[in-house]
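What follows is chain A paired twice: with chain B in the first complex and chain C in the second.
Let's turn to the complex of A and B:
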């Protein structure tokens, strides 16, 4: 069981590193795809099969495809994006910042496993029918608000892509 | 069995990677992907807590984050395309018209 976690965890971290370190945007997008798939594997392990499916269908299937389309649209054929100028001090500062953030969170959450009592999962935890029950009863208002948000984003996206803005 | 701490540390590593990517890269598309990485780290944290506390509400929150991420990408990429029409460039250091 532990091996399952370590395989997907290391996969997601390595792919995440590749995402931020890749020279061009397209390999970077492929790294991000790997992160999404690895996280979907972890969600399965965490009794969230529906979230795992949505992760693959929405993130990897819709959002990333949109990003890849834009990458292909903006990069004219044959043209490569300008090489990143290696600015060592800038990058070093960024790496230090990230390490500090990770360390801070790791120290802050030390022992949280003991504080959060591991409850016995209720019957049928994580199955889609229970999920839908919760989403469309307790969170119905939030659901409707999110649909308005998506509509606004849709209109905004179409407006921004007009030829003459 | 991986404990909650494992998931929190993994999630914070992914969030840290996203932050570093956002702070150090100059390609606007990679900045978007870094933001996606950070949102995914938060999703992982929510699902992990949902599992270890036996509360499904965390998983519902993840769906809302999906919706927000979709909206963010749609509008953000539209802005990027509109900017690209003017500057012919995706390097954020070239977007300096508003710089004082």
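Let's turn to the complex of A and C:
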């Protein structure tokens, strides 16, 4: 019985349920935040501290802020999700998609467990400094080309979004 | 763990990836040139940027072709390679880039689009394509693919006030990202199964042992291939093509149909042959002898390519017949041309690979030429693109109409043009491998194709004009590009041996990627 796993796993599932059941948009977003943080806890448990940091910084930090902004901009104050949630066809489609997803995950997990047997982790696995080492030695060229990608995206973004150049 | 020594020297980097570095420096310099010129008269500004872009492509082309290399200098730290195959495909991309930048000067002027971000994005698009073609590393392929796609997405949306351009670009972005996601998923699966992203090492690991029987390998292969099928626009991965090609600026459409397609075909051939066929065993190196086992995978990918080639040729040609818009018709025809080239890949012999390379080069010349004339007759984007507009133009604009007729005859595959020779090589290779039925059906689709190409020529010369069409001003750069393309097509149609020998040497270089 792995107490650490069960605490965070049940936390993420319950928060996920709360996210889809909440009647207001903002508490729903906060539920999502809890899911992200609980998942970060699970990643820490899997010896992947860097992924946990990314999870908190990118998902809980950047992406959730974006979600909250969208809620702020698009929903009138006091507007509730109840009308959308009552729609039967949305619910039906959601349930169908959810079942398909569960099926896919089950098949995938079975496949992965057949391919990958239990292994002892190498020394220093998942250590952030090891990531950095790989990034600046074996994958140095990739790292550099990604910077070109960002530059291109920047130029394109400015051209497309600015009305008067 | 903490020593950060580099595993390559700068001179090695220059030796292998020099062409890319030239393009990167050119792209960065052009950003500053753009700022520096911004006080000038606008149209001159665009012309200067266009000429500089063409010049930088020319310098990169000169460097890549004329640098001698020994066999030990081909691969840089398992990421980039400069064997002859990559150089040949890069040369095609650069030639398409030169044509595109020269014609764009006139295009931007005729459409009163005097922003020069266009050329900066064009340089980065060519850079990304070449980086993709040169890479022998799945992860680098993906990153370079994204650099290329990102630049082309923006270029497709360059007509900011045109709804069609915006719609096409958004479709391209969404479906292109979808395709890239497939590719990335394939990379992840392959890495999970073999523990490496280098394609020659993957070939060695797969051929060595039990992994060959693993369904995971087949799934990874299917995902990598379908990601590239999106970029190659094979049926049924072609849904985005007509809308994007119709909406984008005409020159960018030409660029997408030639350079981007050449890049996608180049990387597809490299990935397929090096990773999943025994081509490395031809290199004579003892450590690659075991790759002969990879021949077992042919039962999976050959039938797939057989059907893809067939439906691509049929759908592309049949749907093109019913198009009234010439630009959209050329979009469907480019799908059909991709089908012919798949025939050469399917044949999997020396002639087939040589044929694909030859065809890519010839197709670049005729397609860039056709889009060049199309933009000139158009005047301003979308003004005169339908078959009705082309009626009787042969007498009003004899030179442009003659060039259009020449490019279309070449696309239809009639002698004495390069298009005929290219098709001849491809179909000959397929027949040599015993694909008689497919070759026969393919030739049948060529005949369907000839109908809609020749219909345009009929409209140009044998029908009375139905409305007034005013062509745009023909500038010097566009004239140079069009004449060069026309001469190239005629030359390759009459004396194809020179390029065929170079292409043959290039495809043999594929065995040297290690």
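Keep in mind that, in the parts below, the second predicted complex is superposed on the first by the 100 of 165 C-alpha atoms of A that agree within 3 Å, B and C clash if a C-alpha of one lies under 4 Å from a C-alpha of the other, contacts with A are read in each partner's own complex, and residues count from 1 in each chain.
Simple rule for what comes next: a contact is a pair of C-beta atoms (placed from the backbone, for glycine too) under 8 Å apart; a residue touches a chain by one contact, two chains touch by 3 or more.
All figures in this text were calculated on a predicted structure; none of them were measured in a lab.
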{"item": "Touching partner for A:62 - first (chain B), second (chain C), both, neither", "value": "first"}
{"item": "Partner chain in contact with A:140 - chain B first, chain C second, else both or neither", "value": "second"}
{"item": "Chain B versus chain C as contact partner of A:160, first or second or both or neither", "value": "both"}
{"item": "Which superposed partner A:25 touches (first chain B, second chain C, both, neither)", "value": "first"}
{"item": "Which of chain B and chain C A:71 touches, first, second, both or neither", "value": "first"}
{"item": "Which of chain B and chain C A:90 touches, first, second, both or neither", "value": "first"}
{"item": "First, second, both or neither for A:48, with chain B first and chain C second", "value": "first"}
{"item": "Contacts of A:148 with chain B and chain C, given as first, second, both or neither", "value": "second"}
{"item": "Per-residue touch tally on chain A - higher for chain B or for chain C", "value": "B"}
{"item": "Partner chain(s) touched by A:126 [first = chain B, second = chain C, both, neither]", "value": "first"}
{"item": "Touching both chain B and chain C, residues of chain A", "value": "111, 116, 130, 138-139, 142, 146, 149, 152-153, 156, 158-160, 165"}
{"item": "In the complex, chain C residues that touch chain A", "value": "1-2, 4-7, 24, 31, 76-77, 79-80, 115, 117, 120-121, 124, 127-128, 131, 137, 139-140, 143-144, 146-147, 150-151, 153-154, 157-158, 160, 192-193, 214, 216"}
{"item": "Chain B to chain A touching residues, read off their complex", "value": "1-10, 12-21, 23-27, 29-30, 32-34, 36-37, 40, 43-44, 47-54, 56-57, 59-60, 62-64, 66-75, 77-82, 84, 90-91"}
{"item": "In the complex, chain A residues that touch chain B", "value": "1-2, 5-6, 9, 12-13, 16-17, 19-20, 22, 25, 28-29, 32, 35-36, 39, 42-43, 45-48, 50-51, 54-55, 58-59, 62-64, 66-67, 70-71, 73-74, 81-82, 84, 90-91, 94-95, 97-99, 101-102, 105-106, 109-113, 116, 118-122, 125-126, 130-131, 134-135, 138-139, 142, 146, 149-150, 152-154, 156-161, 165"}
{"item": "Footprint of chain C on chain A - complex, ascending", "value": "111, 115-116, 124, 129-130, 133, 136-142, 145-146, 148-149, 151-153, 155-156, 158-160, 165"}
